Structure formats: structure tokens, C-alpha cells
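Below are two complexes that have subunit A in common, paired first with subunit B and then with subunit C.
For the complex of A and B:
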């Protein structure tokens, strides 16, 4: 594969690499007959990003540059660090770089980036290829009930209200408004953390369709990275999501030359209000790279809890090292909820009250719960509530 | 115990943000005393346990709040004392600079909280958005109130107007890199001298023609430290040696738009820096002198 990226687009490519670098440590490059795909996955496998650059993005694009036989697509994995090194300062890149040539030879062990800068300077980066595999996450974006299209500014302004120490955000949506809250760990000391809630009205957004009221929690680090990406290119963000425990997909595209999908896992909150929504997705298929580690659905490590469905059309024939999805009994995720009633949806209209974050019980408590009990209390097992959970004075 | 205050004007909101952010730079912990006529911010010295406050800030509520209601414990204990992390409040107020309104109230949500409700206009449409922050606070019990009374200071020997804080701050910050302590000299003729001494050098900066607001002379000098000013009338000069870092910290208050800054010196014992704004906010900083 050989392609040329014109100067202004080099900046876009640079921004993309910088955004992806906030997600994962490795960059998967894949060349298909009519597009180039860049993907990454974070170490915890809770965040995935794919950016598709179509043929039009390049001033010259030759997929069969090195060979004439029609193979099923060139792919390689490079370290994110070396990719970042190539695109050191995306802000000035469009002024300095006139043209970028990318060459990927299936026989070679290097991916070549050649930057032709002003004054005849040519910088060539030979980036070592670590692997020849491609990676793909399967997620759904088309069949979800909730879609929001937002100008990038609104969300970044809303996030500026949060503290820098906040690491997760809970988004609660209803057809009347959208609430953003910082996520507070159930074990955190409440006398130390600030609880922040931002209420946004649907009128602020370009598009706002909520099919099912829900509440999702995901990490801020990646969210901020993709917002910065959208901001740098001044493009709106489309948010597609279903419910808690299911991935949320952020889409940034300019309509013609490139399309970026950022997929973030949402933590699986197992409180009572979630049971109803769990039931509707009863035939949910959960997939993981490592099935044996299914335990890490614990609070700290949200999984890419994905669904077999329509993904990027081009993905279907790609080499896919993620295992074929396993079926998990859903009952597992709904246990341990007995007597945990959370009066959430009713009073979220009252702006005075910041609701507690959706609770997901720590694994240790669930596993060793019995150790803390003096005797087995049958009424407790049957689900009778003797003492209500202490809630804020709502 | 009840407290509720509303702010709707842009000017006071900006000032309030500046005051809080200045305090957050000075200290990690801060005490707010809510009285029925004023709001006080008090900072005690963090290291030395219960000690007289080092920072005392008075905000008359009439100039800032359009609505201000408070109910204390009982008739004898009308005030409310709250302790909180000053950066928590400062960071929550960052968005206040372009906000439409701020509502502050004391709430009980799992723990006592100072709840801020800020209405922010949207940058893209006519809509406003509601931002709510719950800042956890600690209600200070009555028996500890005495730790947060306005410090009683002896009558200063001299009160002299300070040059612009920005200028003073650059000077101090340069000096601070060389020595930990700075000597402040003030003379009845309106001269303020900052001086540091190291093993190899002596640096002094003089500011002239400053207005002297009060002078309780003459000053008795018994030691040899004034020898350098031998050609001047010693009885007109008083001095105090202070920690350069503390002095510089107060000068970060220059972001508050002020109309009067005064430095009062109790000879060799205490420096009181006082900043006043048009809205009658008074910010006082007490720096004890270092005596060998």
C-alpha cells in the first residue's frame, strides 16, 4: 500500500493519532481496497477506537502498490509511541508539511512515513511493525434507542465544571434533560469529595432522541480525549448508547473523508433499577477476549460488553482475534441486588438534589459477604428488607 | 441551622471568585464564618495547631448578595462556622465568571454540604444550564469558636501605604530565591525598604513617597541592627523581619481589584497587611515577625 496525504489532512491524521494515543498503547493500521483504518484498544479493554479514512482523504491511494494479487487487506500493529513521534506537533503540522507519504510493504518489517516539509526537507520515519494482526471490537451503533448529536463545545463546557480528580462520569438521560454527574465510588469518603451535577437541556443539542431513559457511567479520560479531537477539528459528536453495561459509541465524522468511532465501556451497575433494563436484553451476548477472566466485570474494570450486530461494514471479513462470543447467563449480573432500592428516576427533576452515583458492589464484598455475617439470616436471603438503605434526604 | 444566599450581579460574582481563589492559594483549609451582617473567611496557621488566624477576610453581604438568610444555633450563638477545603470551593467557582446567578446554601446530604447552584448561559444557544456542586463541609462546634476570633493586635507603630502589589510581588519573588527571610523597614517619611541578607550579598529595594497613614513614634532602637541606616534619624524607622514566602503569598491577592493596601508594622513583632476593595471587603494578613 502506498498513499499520499496532502498537507491540511496531515493535521487531521496527526490529531487522530494523538486522540488514539490517549486510548491505547498500540496502533493497528489496516489498509483495505478503498480505505485505511486506524484502531486501538486500551489495556483494560474498556475503550476502543477506530478511525476510517476513505480514499478521498488521500491525494494518491494505491492499495496494490507492491503486489498485483488481490489479498484481503494489509494490516500491521505498531507502537503508539512511534506513531506519536511521527506526528509530534499536530497544531503546526499543516504549516510545515506539504505532503506525507505512507508506505506499507507486506514483505517488509517497517512501516514508512515520509514527510515532505517546506524548504525541501524530507523526514522519513521507519516504524517497526510489531505484529501483522488486526483487531476488531464488535459493537452496535445502529440499533440503539438513544442518540444524541452535540456540538463539541457543549460537552467540553459541561465537563469543565468537574474537578480534575474526577475519573468517571455518570450520564443520566431522559427526554426532558440530560444530567452529568461525577461518579463517586461507594467506598469513597463522602466528606472529601465534591459532588457535581450539570443539567443540560435537550434544546442545546443538535439532535436528541431518547428511546429509553437510562443512566450510564464511563471514564472521563477517554471522553476528554475524544472531545479534544472533535474540538480540534470543530466537528459535532454523535453519541449512540443503549443502557448501563452496554458500550457507548461516540462518532465524529466529516461526512466525506473520515469517520471516527470511539467505543467506551460503561460500568455495570447492579442496583435494582437496572434489573428491569437487564431483563429486556435477556438474550444479551457477552464477549470477551479472555473468557476465563470473566470475573473482571467487577466495578473497577468495566468490560467491552459488546453485542454481535452490525458494525462497520468493512469489518466483517477482517481477521479477528477476539474469540467468538460466549453466551453468559444474565442471571449472574442481576444477583446481589436484593433489597437495594434506589429511588432514582422519580425525583431527578429536582435540581437541588444530586443523586448518589449508581452503585456497583465491590467484588470483594460480594464474594466474601457471608464472612461478615454472624449467622445466616433467612429473611435476608428471601429478600425482605429489615433496614432500608440510608439515602440522602430526597 | 440554616443558610441561603443568592448572587445575581456579574461584578460581585467575579470578585467573590477572586477572593476565594486567593484564599485557596494561601491555605488548604479555610473556615467560613457566616454572621448576619458579614461573611468571614478565616485561615489559621496550618502547622501550629490552634493559633490566632493568619488571614481574616470580611465580606459585607449587602454588596454581594441579593438575598441572604441565615439562622444560627440559638440566640446566643447566632453564627455558623464551617470548615472546608478551600480549593474545593475555588475550583467549583471557576465557572462563576460568566454565570448568571449563584445560589449558595447549607444542606445535609449524607454529610453537611455547602451546595452551590450556578446557572450558566450556554455558549451556543439561549438556553441556560444548571450546575450543582455539593462541597462537603465540617460544622465547627461551639467550643472551638474561640479559635476563630479576630486576632487582637497591639497598636501598630506605623501604617504605610503599599506600592502596587504586582511590583512588590516581583521584587519579593526575586528576593525569595536568595533568602528565606525579608526585612521590612518603614519610615515616617514614607519610605518602605525591603532587604535581604545572604552570606555574600545584601539586596535592598526602596519605595519612596508612600503615604503614611499613622505613625506612633518615636521608636526606640536598642540593638545594632539599624547601623546600616546610620545617617537617618533612627527614631522614625521601624522594622520587622518576616518570612518571605508568607509575604509573597499575600501579594497574590493582587487579582482582587482593590483600592487601598496598607502595611502596618508593630516594631519587630508583627506585620499586618490589609487590602480593601470598593465593596468594603477587607482582607487582612497577619505575619508574625522573626526575632533571633
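For the complex of A and C:
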């Protein structure tokens, strides 16, 4: 592969690498006949990101510059640290860098990033290739009932209300409004945690289609990283999701040269501890509403329902774990139980499927659950005894 | 006047202690500096592990008054952060005139500071001194200079700031052929290379007769970054034994020179 990135696009590429660095430690680079794909996956395999740069993004593009006999492009894995070092300061990059050339050195097995900067300075980074594999995830972004198109500012402003210690966020959607609240660990001391909840009205968004009311919980670290990415490039975010347990897909694209998909695993929010938050800290943000509704018509994005060109084929089972919670009888019961956050753990150990990001288990409550129940159903107990008492008389 | 002065080993006065203070901060990577008052000017020297020697040099013409007794060596060790703090005693926004006195060996260095905006206020600082250790003589008169280049300090600082922090070794290649200047760093698995032709805007002059390749500890090179930040240009001299001398000219309004210089010892090939 050999390609040239013009100066202004180097900044976009730099921002992309910085966003991907918040997701995973390794960067997969793949060149196809008409595009370059950058992918990453986090260690827990609960977050995945892919960014596709089309041919037009580059001023020169040849996907198999060296290999002539086969039509294979480049497929490799490099360390994210090396990639980050190449794009050290993306904010100044467009001012200093005139041109970036990326090419593969087939002899030394290095990926070469050559930055031509102002003052005639040439910076060359020889990055070692760790592996020659490509990686893909399978997920659905089309055919999902819930689609929201949001200007980049709305969500980051909403998130600025959260504490820096919060690590997960629960999004509850209905056709009337969207609730964002911090996810509270069931083991945490409830008298010490701060609960935050932000309500957003559909009018705040450029597009708001909710086919099925639902509630999803996902990690904040990656969410913030992708919001920062959208903000740096001043592009809107499309959110496609189905229900809890299914991945949520965030799409940022500029319509012509690049398209980024950020996929996060979702976990089931814990009803018992979360529901009480509704009235205690209701954080209505009426003030900002006026501001955004006035300018939201100006940048309305009409393409909510248009299908974005498919850049991912379905040949792996990553993200295909997707068991809808109702399939698991353990998970759901009516008495506000708290110990069922991770129902899929038992039957997911065997293959290459991945778990949703884990939520806390209230072990004590699970063990002594019966103490909290008002009535004891004896038949239920007898049904579950697997080993009899060794000495029934005592 | 002269009779009164002669009882002091060293006296000096200056309209503003500010530039002296920023020069001191540029070399402040050790706690103690050797304060040396020569007839030509004032020199403060710090050393790191016998590998790096940094000096702040203020020629005598920067002072409104400058007297050193010619019959004695005025040389002592002083805490550099205390000295910088005293010079800045009225805050960084305040210009203050400065007088320095040093009576004899073992006596403290006395600073008298007077802010320019407020009348009838002055501070008297006494900083205790220690007997100086000997200062390394890194310069070897027998070796010849193989390369000399003048670079713009801000651009050079930007370049050094971009080098990978985790690297230990920096290789400097100077050559009369293109690319004239190469800086190579070796990371865990990766190699980075910065090439700069002598026609580059940040290179003000370039003199090199034959190609040289020298290796330095990147950590040592990084020590000059604080000084680069307050300088306008840097003169890099390479001697045939690999010793690197960097002279950094301080940013100043008037024409009088004040500079810091760094001697950096190369790594030997193994």
C-alpha cells in the first residue's frame, strides 16, 4: 500500500487515531481497492471502532503498491502507541504538516509514516508490524428500531454534568424524551454517591425515531472519546440501537471521504437502585433548550434513514453474543432483585463471542435473597435442592 | 568609593533582576550551582553526573556596576532555587533593581532588591554559601571543531518536544550532503527519523566539512528544553571527540548578550 494524505486531512487522521486510542491498544490497518480501514478493539472486547477512509480522502492511493501477483491489499496490526506517536499533536498538525505519505516497506516489514512539514523538515516513523491479520466485528446498524441523530454539542454538554468518577451511563429512551443518568454500582454506598440525570427532548436532536422504548447502559470513557472526535470535526452523531444486551452503534461521517463506526456493548441497567433517582435529582435543563432549538433547524441532517454503504461483511461472530434478556429465566423476577446483572456469563465462556461490559453483582443480596422475600415458596426451594442434608435429624 | 568596595570580594548591581532570574531557571535542574564571578562576567554552573554541564553566563557589561577583586578567586556554591526565589521576591510582574554583595570566603551572598514601581521599599536577602567543588573542564583545547550550526530556538524546541519520550538514545547525524541534519530516535520497536536540510528556514547557518554520527542520551538533550523556551537562537558546536556544545542566546530587548551553554558528553559505541 502507498498513499498520500494532504495536509488538512492529516488532522482528521490524527483525530481518528487519538479517538481509536481511547478504545484499544492495537490498531488494525487494512487497505482495500477503494478504501483504507482502521480498526481497534478493546481488551475486554466490549468496544470496537472502525473508520473507513475512502479513496477521495487521499491525494494518491494505491492499495497494492508492491504486491503485484495477488490482489491483496495491506493487512496489518500495529501498536497504538506507535500510531499515537506519529500523530502527536493533532491540533497543530494542519499548520505544520504539508503532506503525509503512508507506505509499507516489504523488506523490513515496517509501516512507514513520512510527514513533510514546514521548514523543509521530514519526519519519518518506521513502525513495526506486529501481526498480519485483519479483524472484523459483526453488528447491525440498519434495521434497528431506534435511531437518533444528534448534533455533537448536545450530548457532550449533557455529559459535562456527570462526575468524573462515573464510568457508565444509562440511556433511557421513549418517544417523548431521552434520559441520561449515571449508572450506580449496587455495591456502592448510596448515601455517598451523586446521582445525575439529564432529560433531553426530541426537539434537541436533528433526528429522533424510537421504535421501541428501551434502556441501555454503556461505558462513558469510549462514549466521551467518540464525542470528542465528533466535536473536533464538527460533525453530527448518529446513534443506532435496539435494546439492552445488543450493541449500540455510533456513526460519525462527513458524507464523502470518511465514515466512523463506534460500537459499544450494552449491559442491563439495574432497576432497583436506579429507579429512585428519578425524583431526587431531576436535572431539567430547560435553559439550554431554547438555545438549541433555535439553531437546530439550521443544521438539520436529513439522512437519518438512508443506509450508509456497507463496509463490514459478516464473517465473524464478534458482537453476535446478543441474547435478549428475556431468554434467560434467571434474569428477570418481579421483586426488584439486584443480582441479575450479568445473566449471560455462564453460556458465553466457550467460543469467540464476547460478554457485555460487566456490571456489579450484589453477591450478598443474592446469597441471602430469600431473607428479603416476604413469603417463602417451599416448592421452589425443594425444587432447587441438589444435595440433601447429610444428617437430616439435626 | 573604590576603597569602600575593595573590602568586598564581589559587588554588582543591575537595573532588573528579571532576565537573570529566567536565565537561572533555564539551568535549574540541580539544587546547587557553582557561582563564579570572573572579571569578564558572572557564571553559574550546574552539572549532572559528570555528563552534562550547564552554565548561565552574564557578561559584565550587563551590569551597571561590576567589581571583582583581582587577587582572589570568587567562587562558591549556592542553592539555585533559593537564589531564583529571592530575585523574584516581589513577584514575577514586578521589575526590581538588584545589588549583590559578597564580602569574603564563607560569608553569605547579600542581595538588595528594590521594586521600581514602589518607593522606599527594599528587601535584603542573605543566602548562605558553601565552598565550591571543582568544576569539570570538559573542553579540550586540542580537539578541533567538526560542525557548527545556528538554529532558531523555538522551532528546535518544537522538534525536541515531538521526540518520543520513552526513547533513551538520540542519534545526531550531521553531513555536508543532503539531508544535512538527521535526528534519529530508537524506541521499543520503532525508529523515528527527522531530516532537516540546511536550506530549512530554522537553520540559520550550517558548517560541516565531513559527516559525523554521534549518540547522546535523550534525557541529557531534554535538559536544554527549558533554556530553549526562553531563547531566540541556539548555536550547536560539535568537536571531533563528540562533545556537544550548545549555546543558547537569551531573548532580550537590548543588544547585550546573556546566554546559557550546555556541554553534553556523547555515548560511546559499544
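Note that the second predicted complex is superposed on the first by the 263 of 394 C-alpha atoms of A that agree within 3 Å, B and C clash if a C-alpha of one lies under 4 Å from a C-alpha of the other, contacts with A are read in each partner's own complex, and residues count from 1 in each chain.
The rule is simple: contacts are C-beta pairs under 8 Å (C-beta built on N, C-alpha and C of every residue); 3 or more make two chains touch, one makes a residue touch a chain.
Everything numeric in this text was worked out from a predicted model, so none of it was measured.
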* Return first, second, both or neither, reflecting whether A:88 touches subunit B, subunit C, both chains, or no partner chain. => second
* Asked: Which partner does A:193 reach: the first (subunit B), the second (subunit C), both, or neither?
  -> first
* After superposition on the shared chain, which partner residues are touched by A:128: those of subunit B (first), subunit C (second), both, or neither? -> second
* Which of the two partners, first being subunit B and second being subunit C, lies in contact with A:118: first, second, both, or neither? -> second
* Asked: How about subunit B: which of its residues touch subunit A in the complex?
  -> 85, 88, 91-92, 94-95, 107-111, 113, 115, 117, 120, 122-125, 127, 129-136, 138
* Can you list the residues on subunit C that touch subunit A in the complex? -> 155, 159, 162, 164, 179, 187, 189-197, 199-202
* Asked: Which of the residues in subunit A come into contact with subunit B in the complex?
  -> 151, 153-154, 157-158, 160-161, 163-164, 190-201, 203-204, 351-354, 356, 390, 392-393
* Could you pull out which subunit A residues touch subunit C in their complex? => 79, 82, 85, 88-89, 118-128
